[in-house]
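Comments concern the structure below.
To keep things simple, chains are lettered A, B, C, D and E as they appear, and every chain counts its residues starting from 1.
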């Protein structure tokens, strides 16, 4: 299996008045056809910026300053805006977090869908409409023909997210970047969306990059997981491996602090301290100040290493099997 | 069971569209619409014992916050009573109000919006105690330091403004502010939902510690069953403004009785080590403005029968548990 | 909708009545119109006769009562100066003012919106900054002073355009209008620009603020992620959204434009209602003043109403029935 | 308070210096050179206006100091008394430089007083409406709507026609036409703030209505108001000038900038440009400076546009 | 051959009998002709009446012009005159009716179609002047019956008198004047076309277009830009420039005097502190009169377009004393007089003034205030728009105010009767005497003059009365206004004392 999308040492920085913000600083991963890749990390760790970098949509004052984004072997990082437009939506699509905000409130659903079709293929409005209807049906919207000419506000949040997914699916893209698409939804609706997405990914062979801060969500969805901390991927590998045998102390801490993993009435295992500001990162491993295993050696930059369990982690003091409480 | 600290009975809250004269006139002329009513909370009863943590679970719009706000005295109930330490606090007069109000404090979801951005942390924490004469202005500095320390912040934090703190720290400031008036009862409305997992763990631990050390009771509002399972002694499940099930935490998680509870438990994403298939319940939560008749859940319930759309199920007490479902009460036929 | 109409109607009625009462009393307090109108050589007896004929000898409340009674029958009274129905005196002048205001409005929108959008899209460029600097100037120049300077430059020094007056008019839909012939247009340009400049600055600012705000919204990012061209994003997604505030504010401003025409009309000797008002105030022509203000209030209400209708067309989220209660 | 000692892990907050939101805003403000120029000009003008009696060569409002024998002199002329009229004189023989500084003073007094009064009234009304809601809100807002459905210029015009001339009357007229505007602005932002949880928290802490309104709600509705107020001062200056131009403003013997322009207006064509142009320039500079400051304030105080 | 005129103020109606107001009367002259015309100096000339003579003290015989037709071709006869005089009191809602000039008429009898006998209820020496103030309208067009007869209690045969608004319609505005109405668009323009049936000399202009340009600056700009060829009242300060650009200025003495009235009524008087009224003392009034430097005002403010005044009407108009100079400027004497009167330190006074009515009125008042202040009378100026000023003045709220008086009839009886004669509504005297001056010496002479048909005797009485008024400083005149017109190069217009702008009197110089 070859990777549809391969990100190599991606660096996206923001040049603000206060200084350079290394929002993404050397991120590498790849996704294969039909696979789901979970990109996990806490707020501000650079997940969204990574997603936008893949879409070629980093806005000023941000800029991709290094690395490559290989889509089917072709480097996208230096494309011009026009070339990006041809790729966006057609080969790589994106879904956003808040379904209330992703659809333009003043345009009909049909307008927003048809324009997405016509942006890439020159077909008649009628044909484009047919295609939209078919896609809406695929994501489980009942009686799409009647609802297509409605405005977004006439839809519930779950429905809107389905519409957004349908728009992403219009051209059967090879890659879909989903940036926390279920976070804002209710539990029962989230489950519905997850089920739909799961079906679609399996059916069409689309590669999915699922961005989330909630390990629980990806644990049952993703084939591979990459954990981000302060702009870097600190650990990545097969989902089962990473979750079962977290090597990086951060991943470990993350898993341990999920409440349902702990007994009731007992204190949760917690990671002390808090995420450092990106403008003022500690030298070497950014997790060092919060890490129980940290030593002076951690002051050096940590390249990703392969762990005995098979995953890659940027850590010289990985968690030993025995420390990982089950 | 000891005497309940908080007891709410038949609590209801209806929000009614405010119709002015013109709208009423139009309605009279048959060309407008009657003011729409939202039954945000519909005949809810439960109690909280001293030192107990009760989890309040439900999806968006189910009325969790409304219940919390009514107990905190921020919203008058449309109907029903709220007794705190035996006294009805919905009909109390102003002098009593203040004293009782201070006993119940609320902690909100978004720590940024619950702090006045234009006040220093010191003033935020000491304002109410000074106002109520609990401490004097000269004691404030010392007092604030104490409070900050109690929630795990440096005393110097008092000199700064809220925007200079991270989310988790802000939530601690909010907690310190609440603790400053020595409450007995905290209402936590999604208090950890906005926090990252690692920070959430810190705050949850803080809640647990305060409970141990100060003997606080909590009403813990959350849609995250994992959090509720971890922290609560008992859980109340709401659906569209009504209680569908009340049970001790262990019992609920091992043996949910109401179909909705069952569905919720099945669908909460939990850390698993294998990919799994999602099998969601169908349909969406109906609008509270126009809820389905009978059992609100019958439109989505896999077990629904004819009776469910006709008759509102009673909340039947069964030992420590209570369920409102016809399945438990003579069948759905 | 009906409730909304009723509410508006009630409010307007209140406004009109309040206006009528206040102005009626106010103008009465200024002085006796007969003293100004009458030939100074007239005798006291004649003066009393005229006052009696005009009903000015009666006590104020009685005058008001009579006036109000006539008003209910749609009679606004006769102008003391012109001896004709006050309303018809005003309506003769209405087309000139409306024409000027609408022309100015069109100018403000046609020039203001694109400039504002450009400034909003490129806030930090020289162009964007110059537009904003220009708009501050437009904002700051007091109307009359700017008019004087325009006359001085374009009419007196350069001699390109006429200094004032209305020029030739053509009959159009039963009204006399200037924009259909060259001479009329030439006369209208300066006053229209004079009236438009302030609003144009306002539109630029609104459009700029709106553009900056809208550009940050998720739905714009999502539109870009669909692969839409920059053009379409700006022309459809951004424009339609910023038109909402622009239309709302401008609608209200049309009212104030009609009102502010008082100044422009005075400076440019434009024979509109505004000048009539000033003349009438100077001559204490009470029926005309009261009728004018009531007409303005009525226009305001009407415009507000139209704006609301337009607003609900532009913004599907708004349902008239629900506005106003908030 | 219980005496249980608790020893949690005390956490270090970020080691930033404690800068207040005000200081931060000030630093942000200074980032625009244009706005700084505006601010400097504004300060200079305010100082000039305050110290007018000490810095002007003549008191243009004192008739005994004027002589029509010196009238309509071009800039740089010398008077009978040997002093130089740097900006010329007007038809009354006023030294234009002095007249402009006094005119500025008059314009600023009128505009600032009117704006402050309107602000105070509008703020009280707006906050009350937003905080209590319901009938009080409806009542206040109806009055506001009513007021706003009359165009400001016309209301001012009619009012002044009725009240007659005078500084106090102009101020009254400006207050009447402006207060509703503030009330609406304040109510708008107060409604938003009122939804925020810190208000609920303050009430939950048993604080009185007055305290919540003025200590919590008010300061947080101020930023948009400050912006509106700065812009409104500029507008008030312009409106006063316009009213004076239309002949219903301040008395002719104590001309504001607007009246100076109006007086000089009829001399423009005859070549005595200085009577109208210099006050016009002063007025323009004043308004531009205030607007520049207001504009930057708007950007600084709008958190949504903040980077 | 179109003459475009920029008017300083717009006529309010085409009806010649609606509003007795300069602009209206001037417009009416183009369309309707009066029985007797006034020339530029307001001297009487034949109009529709070729001759008029006093048969006795109360009877006048008028000979009407023969062969005159209205613009619609109908002949002009005595019936039209009777009809016109009958209609004047019936004009609905007239804010300033012409009854002022017809009230003396007690009877009208047509001896034949072109001879008219007028009887008055007392000696009416001013009747010819009064008959010169209004134009004659067509009885037939207005819907009169064939037989029209006059009666002070109500004429017969006049049908329904037409409303003023009807005259705004060209089909109705039918007169015997040199022009006919083409279009009247209120606020915008008035178009007149030459009347080919006019009995007099055909005027030079095929068409006359009048545009109200009330704003002086706009008016001048329109002239300079060539939009109009003639404007009324160019602002004094612009005249140099207008002339510099090759335009023609025509100016002449008007019948308007600008004066200051000093309240001589009861103490206390408004605006002066204390319970005395210093203005009752003639020495104080004299001091204030002498303190005004009329020449400075003429030179610096009016730029020469005024004539310092020593009376209420410029010589040689009827009833003036040609040997009376303007009041001199003597600040020294003024201070002495004030000291004599017991005010060595002066007093405080408010000077009321309109600021949009007379030429430079506000500026003149401020200058007067400067001058008074310099002799020790601290003066504050209270400038208002005319309407507000009038309200205050008529309410006796000023102890000193500046105003103007134009003598419509062109004789001294007019200003004396209005401004100086003791207030007496019954005798129609002192109507504008808001200074409350009262002197029987003046009153007696005036009343007698008004009863005297003999011109020489009347003039003697008026001269005496005027001299007394001036000697006692009953009122303080400042100057006579010059009325000015500006015209495109090559045009000429003789300045008129009545300030009327008559397009047909404009001629090409060539």
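The rule is simple: contacts are C-beta pairs under 8 Å (C-beta built on N, C-alpha and C of every residue); 3 or more make two chains touch, one makes a residue touch a chain.
This is a predicted model, so every value here is computed, not measured.
Ranking all chains by how far their C-alpha centres lie from the centre of chain E, first place goes to A.
Chain pairs B-C and A-B differ in how many C-beta pairs are in contact, and the one with more is A-B.
For the pair chain A and chain E, the distance between C-alpha centroids works out to 90 Å.
Centroids of chain C and chain D (each the mean of its C-alpha atoms) stand 24 Å apart. Centroids of chain A and chain D (each the mean of its C-alpha atoms) stand 50 Å apart.
Look at where the CA atoms of chain D average out and do the same for chain E: the two points lie 47 Å apart. Within chain A, residues 272, 274 each touch two or more of the remaining chains. Residue positions of chain E touching 2 or more other chains, listed in rising order: 217, 221, 224, 356, 385, 388.
Shown for chain B are the residues that touch two or more other chains, namely 18, 20, 166, 169, 209.
On the side of chain E, the complex with chain D involves touching residues 216-217, 220-221, 224, 235, 237-238, 240-241, 296-297, 300-301, 355-356, 360, 362-363, 366-367, 369-370, 373-374, 379-385, 388.
Of all residues in chain C, those touching chain D in their complex are 11-12, 14-15, 18-19, 23, 26-27, 29-30, 132-133, 136-137, 139-145, 148-149, 152, 156, 212-213, 216, 255-256, 258-260, 262-263, 266, 277-278, 281, 289, 293, 296-297, 300-301, 304. Across the interface of their complex, chain C is touched by residues 17-23, 25-27, 29, 31-33 of chain B. Considering their complex, residues 1-2, 4, 6, 8-14, 16, 18, 20-21, 134, 138, 196-198, 200-207, 211, 215-216, 219-220 of chain D touch chain B. Within the complex formed with chain A, the residues of chain C that make contact are 217-230, 232, 236-237, 240-241, 244, 314-317.
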